[in-house]
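In order of appearance the chains are A, B, C, D, E and F, and numbering begins at 1 in each one.
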Amino acid sequence: MATVPLLTDEEAPGESRAVFDEIRAARGTDYVNNFWRALAHDPALLRATWERAATVMAPGALDPLVKELVYIAVSTANGCAYCVHSHTAAARAKGMTPEQHAELLAVIAMASQTNALATALAVPVDERFKEN
Amino acid sequence: MATVPLLTDEEAPGESRAVFDEIRAARGTDYVNNFWRALAHDPALLRATWERAATVMAPGALDPLVKELVYIAVSTANGCAYCVHSHTAAARAKGMTPEQHAELLAVIAMASQTNALATALAVPVDERFKEN
Amino acid sequence: MATVPLLTDEEAPGESRAVFDEIRAARGTDYVNNFWRALAHDPALLRATWERAATVMAPGALDPLVKELVYIAVSTANGCAYCVHSHTAAARAKGMTPEQHAELLAVIAMASQTNALATALAVPVDERFKEN
Amino acid sequence: MATVPLLTDEEAPGESRAVFDEIRAARGTDYVNNFWRALAHDPALLRATWERAATVMAPGALDPLVKELVYIAVSTANGCAYCVHSHTAAARAKGMTPEQHAELLAVIAMASQTNALATALAVPVDERFKEN
Amino acid sequence: MATVPLLTDEEAPGESRAVFDEIRAARGTDYVNNFWRALAHDPALLRATWERAATVMAPGALDPLVKELVYIAVSTANGCAYCVHSHTAAARAKGMTPEQHAELLAVIAMASQTNALATALAVPVDERFKEN
Amino acid sequence: MATVPLLTDEEAPGESRAVFDEIRAARGTDYVNNFWRALAHDPALLRATWERAATVMAPGALDPLVKELVYIAVSTANGCAYCVHSHTAAARAKGMTPEQHAELLAVIAMASQTNALATALAVPVDERFKEN
């Protein structure tokens, strides 16, 4: 149902196949998911997206699992079904328990409702919350 | 600039003032922020929102700081300036470092761009991501 | 703070001024709000928007107040502060009581949270809900 | 296609099955729709969501049908296909006529376009619309 | 999966069938896509939408292909899978090359990420960007 | 009103000041707008964002002005007031005429309303629009 064909390894341009191989090596799996196969029409966009994702999602001041939880939260609010699925799977692969998943859902739901209330009430930002 | 007056302690109905006092006690501060003062017109909605927030944001399988990071992520994607401000302040109060804030921003930005790409490409969900 | 100057009656092109007069006549007030003054740079867009709004918001199978409540709901979910303000004022002018406003907020908040839950869970649509 | 398995009565924890029974009793039907079956992994979230929904959607200052129309509006703006489906069905069950549905769609479309125009023009809120 | 039946030519009211014929004539094809068939329950909404679309998308100060690119961008940000599909097809029919499509995707992704950053940082608008 | 202080040249870390200088050189102006000053707390995020933006917005298969129009469209749909302002200014600097701006607004409004209609009707994607 994509707006472009998903490219197999055979169909993908050489530079895209090289990125596929980097994805495989980084993840220790042969499977390359549909998102990258759809991006493979444009090797430059594929590479830029993959490299940036690898940098951003690497361990740092935040734990990789926490980063996946944040990713799910953003993807939910943006209504991206594909991303919700792929990052829920990624979070599980990084150790997300059913209890953590349930609490994540509860926080996302809570934020969504107070976001709506604050917007419908047009609540002005408290002076003490402003840094500039 | 709100769509309703923000109620002072004097103006708020008694049941709302009681919630203000619970907020003060829970947070150990005298300050009640504008969001609650805007909700105070409807004591039932104020109470339901406050009690649910207290339950959801309490420590559990996820750390309270992680919950605040998720809250900021949802609020950003929903474009709620008030909530971004109040929960960035809350995250700092719970120990968020500048490095963690910077990484949070990077993950939110990354998710936002791949959300858009997956939607524009209408990438079909991989079978292996489906649980049902 | 607009991205275009708001046009006074004197500055607006004649065709836009004519729409201003229709707005005044329809509403029984001299005041023309900022939205129309920002649109006045393009008389065709101003006229098309005003005429369509007048048609859509007129009494019909739904009551004009109900239409305003729906308008507030959409504007909240879309994060349009201007529209939330102008249609909350319009709903009040059409008789919205504080109790109705409070219930409207509660429904908007409820929908926002279940929207998020259904998206995060990627719940498949029940067969019985499909008409086609 | 969900991110969690939908639980049958047999698979659901006892506390979730109890909520299923309350849903059946309240609606006078044996059918429990997918949303609740997906939430059933977490009995506390299931119960909190169901009870809040029952309170919020009950008759009050606003008619239950009006509440469903608002729910459809929010769900549409948030892009939640599941919620659009389930609440369109609910609205029909509460008496929504095809004429009312058509007018609802027209108002949602109107609001969506003026939301976009007000945002693209960054129209400042008129002083008279501010309550605080 | 629609919330209303898609109407065939035989099922559609006469006034809707007349719009179908105008769509066919304007596009030089016999095919009427699902969007219009879903709208056909309400001939007035169908006609208003079709006529406005024909006016707005006609050649003017902006090229019709540029208008389609803008349409895809808005539809992506709003998460409308149907619209992303139909306007990607329309853009191709108007000459969009794979290279243009790839650059469009890159711009949409870029904007999505800086939108998120500006919102999460609550960056105040520079005085020089304000026209009013 | 930002959630972080906007950094002056004096306050910014050396690596961020270097990016400021690249921005100045690329644009032929001394002015560095608030977005970059807010990002300057994290030189790595600042550099990654600026370099990617410079690559993506450069002339290619699409004209730089067309890219700005797409940027405004995405920013509007995402409700990012800052981005709408900065990219409307950028589009003007690249030659956008008032007529082009007006047509852009009309297309954004049109897309917004049909996005909402397609979502509310849950219109299934026509087979002929699917590439995969």
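In the analysis below, a contact is a pair of C-beta atoms (placed from the backbone, for glycine too) under 8 Å apart; a residue touches a chain by one contact, two chains touch by 3 or more.
Chain labels with UniProt names: A, B, C, D, E, F = Carboxymuconolactone decarboxylase family protein.
Owing to the predicted nature of the structure, the values given are computational and were not obtained by experimental measurement.
Relative orientation of chain D and chain F, expressed as the C-alpha superposition rotation angle, is 180° to the nearest 5.
When chain centres are defined as mean Cα coordinates, B lies farthest from chain E.
The interface formed by B-E recurs in A-C: of the pairs listed in A-C, D-E or A-D, only this one shares over half of its residue-numbered contact pairs with it. Residue numbering shows that chain A and chain D use the same positions for less than half of their mutual interface.
Comparing mean CA positions across the assembly, the chain most remote from chain C is A. For this pair, chain B with chain C, the centres built from the Cα atoms lie 26 Å apart. If each chain is reduced to the centroid of its CA atoms, chain C and chain D end up 20 Å from each other.
In chain D, the residues that reach two or more other chains under the touch definition are 1-4, 6, 48-49, 52, 74, 76-81, 84-85, 88, 102, 104-106, 108-117, 119-122, 124-125, 129-130, 132. Arrangement of the chains shown, judged by which pairs touch: all-to-all, with no pair of chains left without contact. By the touch criterion stated above, chain B contacts chain A in their complex at residues 1-4, 6, 31, 33-35, 38-39, 49, 52-53, 56-57, 60-62, 66-67, 69-71, 73-83, 85-89, 97, 99-100, 102-104, 106-126, 128-130. Considering their complex, residues 72, 76-77, 79, 81, 84-85, 88, 104-105, 108-117, 119-122 of chain A touch chain C.
For chain B in complex with chain C, the residues that touch the partner chain are 1, 3-4, 41-42, 44-45, 48-49, 74, 78-80, 125, 132. In the complex of the two chains, the chain E residues touching chain C come out as 1-6, 48, 52, 55, 125, 129-132. Chain A contributes residues 79, 84-85, 88, 98, 101-102, 105-106, 109, 116, 122, 124 to its touches with chain D in the complex.
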